[in-house]
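Each of the next two complexes has chain A plus one more chain, namely chain B in the first and chain C in the second.
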Partner chain A sequence: MTHAGDLPVWAAIATSCLVLLGAGLTLVGALGLLRLKTFYERVHAPTLGATWGAGGILLGSILLFTVLQSRPVLHEALIAVFVTVTTPVTLMLLTRAAVYRDRSEGKDIPRP
Partner chain B sequence: MSASILSWSLLTAQILLGIAMIIACIRMIRGPRAQDRIVALDALYVNGMLLLLVFGMSTAVTHYFEAALVISVLGFVSTAALAKFLMRGEVIE
Partner chain C sequence: MKLLPYPLLTASLLAMWLLLNGLSMGQFVLGTVIAIAVGSVTAALQPAKPRFKRWYLLPKLVAIVLADIWRSNIAVARLILRKDQSRRVSGFVVVPLELRDPLGLAILACIVTSTPGTAWVEHDSTSNKLLLHVFDLVDEQHWIDLIKQRYEHLLLEILA
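Up next is the complex of A and B:
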């Protein structure tokens, strides 16, 4: 850690708070993946890591590299947009597939 | 001062993300059905991408960003393909 010596303290504290918030929310989402009972409850849990988990870490990364290089560094927004767009698509595809499998086995899944 | 704040918080974040990846692996091994395993695989991809981003922040090398982008693209494609396989029994019809 030699590069961060010239970093101002407020930037270090703000980056630390954002990164710890993101990592903590990701861990909470993973714990929900482990503890919830049915599949249809479990599919909600990892989205916590995909929205504010990724968002906090990416905002912290934008702030850190913007202050370190003293110019706007915004390429992390690409990952944020991509994750935000693709996560609902994949999880809805997966839930459709799970509903199809459960119905074809004769389980009673209520109509939406 | 700021270097020690940043290094400790990034180390803590790496440990938290590592625990989250271990939990996703446990769900992927235990998961009663295939869709549980695929959800756990998707969460594992997202957590690995975030771990790589935090690692890139702690070394101040921006090249890890491109690796994280590739991981997120691969996670999307693999999860969509596996969901399609569960639905129809084959990926490309």
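Up next is the complex of A and C:
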């Protein structure tokens, strides 16, 4: 096992900044879910957590373990790829379901 | 039957295997066997082969998208934290597309949904029009131009 005490100061600061950035953006996204009024607006909020929210935490993790184990650690790249490829599916499914419901209720949603 | 019907898929499977299991000769052999096997099984599904004519433009697209995602993250975060929510107008935009390639549309969908502030709602393959939902809709034409000139143009060039 590696110990966080072996971490040089510059890496500790950079890692904390990246993790805080990611966590902060995810928090703002979650706040958006609470604050926004309509479904279509709320769909935009969690993308913050799925993009640079996750990205910041993953970059921090890459940096920390690369410095501690003194070899490149790239497992996080896989997480990033899978998050990017799968989020659109969920979001599209949700919005299309909402559009279908709204159209059947007679609300005015433009057609492509 | 060809040994490697999908070389790109086989290569990325092997890369993933080595990332997850560590780099060693034994894992390399095992990963190669599995990647080749999965590659030939996938051939039974007959997915369309991606044709990247100008693949050297891909890094440019990735850089543009990453920068745009960063910018819109900040923009949307500020809009969410703003006190006065009623000043912001969000709404739907219809974007006529030229891109018809399924892979290109899939990449465009990933770009649009991963960018906070824009959400892919529907695509009609007959009229080839895309319905977007935009979080901060000031000018409709601005968003149409953004999708068409920034992403679609480049995707058309890459997949040409």
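In the analysis below, the second predicted complex is superposed on the first by the 109 of 112 C-alpha atoms of A that agree within 3 Å, B and C clash if a C-alpha of one lies under 4 Å from a C-alpha of the other, contacts with A are read in each partner's own complex, and residues count from 1 in each chain.
One rule holds for everything that comes next: a residue touches a chain if its C-beta (ideal position, glycine included) is under 8 Å from a C-beta of that chain, and two chains touch if they have at least 3 such contacts.
Everything numeric here is computed off the predicted structure, so don't read it as measured data.
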| item | value |
| --- | --- |
| Fit or clash between chain C and chain B when superposed on chain A | fit |
| Residue contacts on chain A - larger count, chain B or chain C | B |
| Which of chain B and chain C A:L7 touches, first, second, both or neither | first |
| Chain B versus chain C as contact partner of A:R111, first or second or both or neither | second |
| Touched partner set for A:L31, first chain B, second chain C, both or neither | both |
| Chain B versus chain C as contact partner of A:L93, first or second or both or neither | first |
| Touched partner set for A:G60, first chain B, second chain C, both or neither | first |
| Contacts of A:L74 with chain B and chain C, given as first, second, both or neither | second |
| Chain C versus chain B - closest C-alpha approach in the superposed model, Å | 9 |
| Interface residues of chain A shared between complexes with chain B and chain C | 29, 31, 43, 45, 50, 53, 75, 78, 87, 91, 96 |
| Residue ranges of chain B in contact with chain A within the complex | 1-10, 12-14, 16-17, 19-21, 23-24, 26-27, 33, 35-36, 38-40, 42-43, 46-47, 49-50, 53-54, 56-58, 60, 62, 65, 68-69, 72-73, 76, 79-80, 82-84, 86-87 |
| Complex interface listing, chain C residues touching chain A | 16, 19-20, 69-70, 73, 76-77, 80-81, 85, 90, 92, 94, 109-110, 112-124, 127, 129-131, 133, 135 |
| Chain B-facing residues of chain A, complex | 1-5, 7-9, 11-13, 15-16, 19-20, 22-24, 26-27, 29-31, 33-34, 39, 42-43, 45-46, 49-50, 53-54, 57-58, 60-61, 64-65, 68, 73, 75-76, 78-79, 82-83, 86-87, 89-91, 93-94, 96-98, 100-101 |
| Touching residues on chain A, where the partner in the complex is chain C | 25, 28-29, 31-32, 35-38, 40-41, 43-45, 47-48, 50-53, 74-75, 77-78, 84-85, 87-88, 91-92, 95-96, 99, 109-112 |
